[in-house]
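Going by the order they are written in, the chains are A, B, C and D; count residues from 1 in each one.
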Amino acid sequence: MSTPFIGKREYFPGIGRIPYEGRESDNPLSFKHYDAGKKLGDKTMAEHLRFAVCYWHTFCNTGNDPFGPGTRDYLWNRSADTPLARAEDKLDAAFEFFTKLGVPYYCFHDNDIAPDAEDVVAYEKNLKHMVALAGERQQATGLKLLWGTANLFTHPRYMNGAATNPDFAVVARAAVQVKAALEATVELGGANYVFWGGREGYATLHNTDTRRELEHFARFLATARDYGRSIGFKGNFLIEPKPMEPMKHQYDFDASTVVGFLKQHGLDRDFKLNVEANHATLAGHTFEHDLQMASDHGLLGSIDGNRGNPQNGWDTDQFPSDLYDTVGAMMVVLRQGGLAPGGVNFDAKLRRESTDGEDLFLAHIGGMDSFARGLEVAYALQTQSPWERWRAERYASFDEGPGRDFAQGKTDLAALRDLAAGHGEPIQTSGKQERYENLINQYLAR
Amino acid sequence: MSTPFIGKREYFPGIGRIPYEGRESDNPLSFKHYDAGKKLGDKTMAEHLRFAVCYWHTFCNTGNDPFGPGTRDYLWNRSADTPLARAEDKLDAAFEFFTKLGVPYYCFHDNDIAPDAEDVVAYEKNLKHMVALAGERQQATGLKLLWGTANLFTHPRYMNGAATNPDFAVVARAAVQVKAALEATVELGGANYVFWGGREGYATLHNTDTRRELEHFARFLATARDYGRSIGFKGNFLIEPKPMEPMKHQYDFDASTVVGFLKQHGLDRDFKLNVEANHATLAGHTFEHDLQMASDHGLLGSIDGNRGNPQNGWDTDQFPSDLYDTVGAMMVVLRQGGLAPGGVNFDAKLRRESTDGEDLFLAHIGGMDSFARGLEVAYALQTQSPWERWRAERYASFDEGPGRDFAQGKTDLAALRDLAAGHGEPIQTSGKQERYENLINQYLAR
Amino acid sequence: MSTPFIGKREYFPGIGRIPYEGRESDNPLSFKHYDAGKKLGDKTMAEHLRFAVCYWHTFCNTGNDPFGPGTRDYLWNRSADTPLARAEDKLDAAFEFFTKLGVPYYCFHDNDIAPDAEDVVAYEKNLKHMVALAGERQQATGLKLLWGTANLFTHPRYMNGAATNPDFAVVARAAVQVKAALEATVELGGANYVFWGGREGYATLHNTDTRRELEHFARFLATARDYGRSIGFKGNFLIEPKPMEPMKHQYDFDASTVVGFLKQHGLDRDFKLNVEANHATLAGHTFEHDLQMASDHGLLGSIDGNRGNPQNGWDTDQFPSDLYDTVGAMMVVLRQGGLAPGGVNFDAKLRRESTDGEDLFLAHIGGMDSFARGLEVAYALQTQSPWERWRAERYASFDEGPGRDFAQGKTDLAALRDLAAGHGEPIQTSGKQERYENLINQYLAR
Amino acid sequence: MSTPFIGKREYFPGIGRIPYEGRESDNPLSFKHYDAGKKLGDKTMAEHLRFAVCYWHTFCNTGNDPFGPGTRDYLWNRSADTPLARAEDKLDAAFEFFTKLGVPYYCFHDNDIAPDAEDVVAYEKNLKHMVALAGERQQATGLKLLWGTANLFTHPRYMNGAATNPDFAVVARAAVQVKAALEATVELGGANYVFWGGREGYATLHNTDTRRELEHFARFLATARDYGRSIGFKGNFLIEPKPMEPMKHQYDFDASTVVGFLKQHGLDRDFKLNVEANHATLAGHTFEHDLQMASDHGLLGSIDGNRGNPQNGWDTDQFPSDLYDTVGAMMVVLRQGGLAPGGVNFDAKLRRESTDGEDLFLAHIGGMDSFARGLEVAYALQTQSPWERWRAERYASFDEGPGRDFAQGKTDLAALRDLAAGHGEPIQTSGKQERYENLINQYLAR
């Protein structure tokens, strides 16, 4: 267990490296399930899960909501005089947190780590400065960048969209940030580059030509892809679906919509999906469903691990704590052989009312343990229980004979009709949903 | 105005041909807006709207819901002794209704017009008998078939899906019905053939291999398409999206999902979409949104006109009565130059509590007037108001110069960045949503 | 462990009394957590949970949904020639099931156990006959009736409501069934009598005078209460809230609405609430929330244990399987000192696709184990963890001094203002939601 | 038509007093339906509708959302050097807007019109200063205050609630603002005083004692009521229900919940409800439903006129533009004989993308015309159409004979049973929902 990074000052005094203590421990500042080096199959927990802390919610967000400002008075936000000096302090706090928590990765938007500026050159200079410093910190600590991205939704200029803005001048301005964020990602060895289409959508259909906007969107993504490849980016580009909020409707509605869009525009060779739990549920799906839809097409690239509030219709970005969600997620991930080069990023924020210094740690510990426990249970279900055999047997009739012929496209409709006419009524087969549900609970208690 | 068809007996005595009387009429059994021969542009209202009555809700459904049986005691369900004789009576009632209402089209499932049978040959025989009779009635009245389809969800054998059933024997049995329904549609000159994926989806992901099921689905559709073309079907095949119910999740979730699926499997040359209002809203969209998504890809084929109950999370299939919905729908339809060979089918049912004989007429009159009024207002907005000019002007920066270059894929990311750096901050442009909303209300009052 | 009841024939051959085998057992037909005699505090698990099987979903429902008929071909539905003989067979099957499963209670509607009839005298005679037989079976097996009720929603006469029907003739007809069901409940020693307001609500506000309907509702309940008391019923009357379905809106929307209604009409001395999980979630609440709202007013009388499908907007009545739900429920129940004379009734039905004979057992075993595990975890959280102390400390400022004065109504607004002016800004206190969430997961793994 | 108020400078140059021009006008800056002096029955439109502009959304809100800051750069926010001077400028802008628009009322929170301060005395001084100035402006223009309120949700101290905060110190601090806002309301002759329970609820049940919090809530309201009456406030206190946001759950969930709470605590003699459309829909109701529930109990006091976005699960506070909503609302208001001393306050905000100076006017014009048109149609339906007669006839069986006896509580259950047994099966009566729906559309086109 390495020594935590401490910068010019210590931002989380009294908290050291979070240890694994096992499920019987009553120490809130320890892991109960996440034992980084523990092996499940041929991978360690750390290799399976590839956890990342996000910069925005954890170090920038202080708890504001539509009805009030932030509630957390972080030292790094007021310790220095200039925006750039505060950004440097925040970077120190971040690396202290990463190393005390013991995660291998982090993620950021351009404007999370560097002060924004309307002047293009000033913006680029700020970002380059902070990226150089972040590179040094990575060097010193071994932390790695899971993905970088550009914030194309906060500045008022993007109110009508960025790549899909009806005004070409805004589209071009968005390119400034994407170019810079791509360069930053490459410089820091980022494994992926993400597009979350914050305002790519519409506030009202009345004033919107969706056909043109979606074509512009595809153009923009292709242009970014080409530039990324030209400067040596070898990782995955990722689209993060979200159905709405801040816009009434967002084009990257859900996994299936994005898969269709990528295939239509020939982008599916370079782009995969970064599936967020809370965005899946806002789209009317389970987290597992959207993961499965992406995975079925070989396009599940990475995960934003969080959860929504089932009674609230907005993106609450709570820390993952529901084991049914994490078991379901890891069932999909294990079946596709892992997430790499993606990972599990905590796009999750403290509740506005969680204002203690330790709360940032408690929340991440809870999230990491939830995924670690989900991994253990999913792994046990797939390797020790009859689950996978049950599933396979349901489809056995397509593994040979006329069923296989049909699946391979070798049968016509009249032949199918004749097959059916030659047999009696098909035999009824129970779906046995309750049996599967019981099995999950059984393994959750082991 | 033609004479209504009356069969062996009159099922709706006291009600004659429904006349157009205009908006000042207080006669509930008259049209206030639907004036079939009135021209808007180069088409009559009848040509714009191509109304169809559906067989299932209007003549088969008697009002059952999950908590109780039907409430309407229709004469045609008890006047004869055998299932086939009752089917003949129902056909008479249907054509009497069509002709009294004055719609040009109708739609059916195989099992709506003919008695079902588990025995394949008996099933086929029943259907052929009734199709022959329906052909005679069409001949006699001038009615036409907007589309036919097969019911692949009612019989218990389909409980785990039809084309996506894990058991090949059920897939083959589904082919029996699709083959027969295709033949029926061709024989009756049907303009379209519809697939509504009633149980094509899952009750639980636990037991489901979605990848295999979706591949089987595509195979099945291709097989049906090939057979249809081989027997001379020239119309559109249509997929009707629905996100859930009866299944927890249905594969044809919404328009965008289906568009992606069709394109992925090369089915988009033969298949288009039949968009239903209530299904769009269950998927978290407006009716207009799903119409627009289909239309943007040239894949809006037909409409199931109804509405959901915004406070209820199931498919209420109410008659369309919200003019905002119908104005929005007709905005999309007019922009794409019409719906033909599709139409507006009322996949709508009486409320369970609406038990008077006249209620079937009142409901259809309300639905037809709602769409007729929506057509009038949409036509006026597009031809007399500044609406379309406003929308076009928003995108003018892509009509020429570097914006057009970008839209045509001629610009790279670095060039976009330089363009932005060379200009100042983009000028803010109001989205003016409220202006559009005011304009709709203004035209609704004219 | 008593011997199962077997009637004229055995309906579940090959399945005996379900044993408790503990969490390491792989036998699907055993309890992993429900150990009836195990003590937590001064009560056994059986005394804490007071499980009941419901008659309607388990023995009457065969799997129909709005898109298809039942899928399960139960022997007791076809073994005899007359409705009454089939009802007798069903009763035998039910008592065989109760005793094999090992539950102490059951629940029914009048029309579940006896054939309905439009003729009042015939209806009463059928019910009396079956009640006498059920009494014998109770005697023979030790089973008890948790509650009885009348089905006031299935017959078409109730399409516009029962007690709230706009037609007095229907209100009077509803009284026939409530009178008979009350008598049946008293005869069988039922501990409670339930009203679920199936169609007490509206399909549309347009035609509804809600003020009159709600007054009639209160009158009807008072009348039933008076009659029940007059024939010796000593138990609780229970209202079961549900927000919608089958009606667009139901008057017993949620726990708070019903509490307010009962208090307004002076019914809260005799009536409590029977809270169903799926109904709470349809109303936009968690299960635990509606339990808490009822319990806060001393009005939580009984529980309908099931769960909804978070992605589906109708009452799916699935068997409870989410441990977060059952932990939350038992937290409330333990705090109020138990449920008696209420209990946990499984108002839950097999999925339509679950068609094996054993599935009825698997589903109930899963439900019982989920509540038993929830009980264990809630009990441990309340007795071994700091949970209850944490909660109490949050409110300590109201336990003494000016805070207590305020809570007791002894302080006026000006005094409060002066207290605040005399102190500085209140000290910030973290809500620590994540700490609580971590603790639940910690105890779920013990 | 009076002359608009212009302060030190004109904030909306180029826009004068908005005239009524009728439905054929194409002038976007004119009313199409709102003709203040037009009489419907014995009241003018202005008297029926009692429109108010809200201070917060219209003059304080600049368009921020959770993903970005404000987009509108209002002159009054940057024209002066100190917070108090800017507050004075804003007041001038507000009265210019009120008088150009031609509304008789406005509404505010304490912190809308005066700068907030943590120091109690400074806060009180700021408010007194601005209230004095507002009084002068009212004098000069004839504007009146529909209601005042205190903002108990923005400052971080209220993160865990105000009156329901677990810390008594915060409850006392909330009293500072309520006392001051009550005094301000009295000084300005406000007709009502509103409580919107912004953070009165919970983020998680885990840490919350709802019973204690609700008792504190009742105490606090009683204390405020007593103080208000002691300083001469004669108007209604109003509770504004909202089910969630910012909290997961808010105690004032919906109209029925609040009615029950007020009655339980004996607050219903002084408190009524201020029903907001968007809050009703977030609670799973129609706007009309929540109005009706309040009105049925004589507790509908005032209206916050806006609308939500049916596809989005948060409070969008859009300007009212759906005529079905406004017709439904005015049906309830007309039936109860009007809203006075309440009114229709536009708790509605411009879309973030609506950034033109004229947009504030367009939005309010649209909202006022929507309610004016709703009033016209509802008035015509009630006075010229058969609507009210149809509704009354449905309940005629309770107007005399045994039905009336039942409604008056003079019948027991056995007597009801005997009445039913003495008659045959009740006669079926159609609910005729479609007939009512057709009638609304018919009147919307007149």
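Here, a contact is a pair of C-beta atoms (placed from the backbone, for glycine too) under 8 Å apart; a residue touches a chain by one contact, two chains touch by 3 or more.
All figures in this text were calculated on a predicted structure; none of them were measured in a lab.
**Q** Report which interface contains more C-beta contacts, comparing A-B against A-C.
**A** The comparison resolves to A-B.
**Q** So, what's the distance in Å between the C-alpha centres of chain C and chain A?
**A** Going by mean C-alpha positions, chain A sits 39 Å from chain C.
**Q** Nearest whole angstrom, what separates the Cα centre of chain A from the Cα centre of chain B?
**A** Those two chain centres are 37 Å apart.
**Q** Mind pulling the chain D residues that touch 2 or more other chains?
**A** Each of 71, 156, 159-160, 203-204, 244, 249, 284-286, 311, 351, 353, 355, 428-429, 431-433, 437 in chain D touches at least two other chains.
**Q** Once you draw an edge for every pair of touching chains, what topology comes out, line, ring, star, complete or other?
**A** Graph shape here is complete: every pair of chains touches.
**Q** Can you name the residues of chain B that touch chain A in the complex?
**A** Going by the criterion above, the answer is residues 118, 120-121, 156-157, 159-160, 166-173, 175-176, 178-179, 182, 203-212, 214-216, 219, 222-224, 226-227, 243-244, 249, 253-254, 256-257, 259-261, 263-264, 283-286, 288-289, 292-293, 296, 328, 387, 390-391, 394-395, 397-398, 402-403, 406-407, 409, 411-414, 416-417, 419-421, 423, 425-429, 431-433, 436-437.
**Q** Which positions of chain B touch chain D when the two form their complex?
**A** 23-24, 28, 32-33, 71, 281, 284-286, 310-311, 319, 321-324, 350-351, 353-356, 359, 362-363, 365-366, 369-370, 373, 428-435, 437-438, 440-442, 444-446
**Q** Report the residues of chain A in contact with chain D in the complex, numbered from low to high.
**A** Touching chain D from chain A are residues 63-71, 153-156, 158-160, 198-199, 203-204, 244-246, 248-249, 282, 309, 311-315, 351-353, 355.
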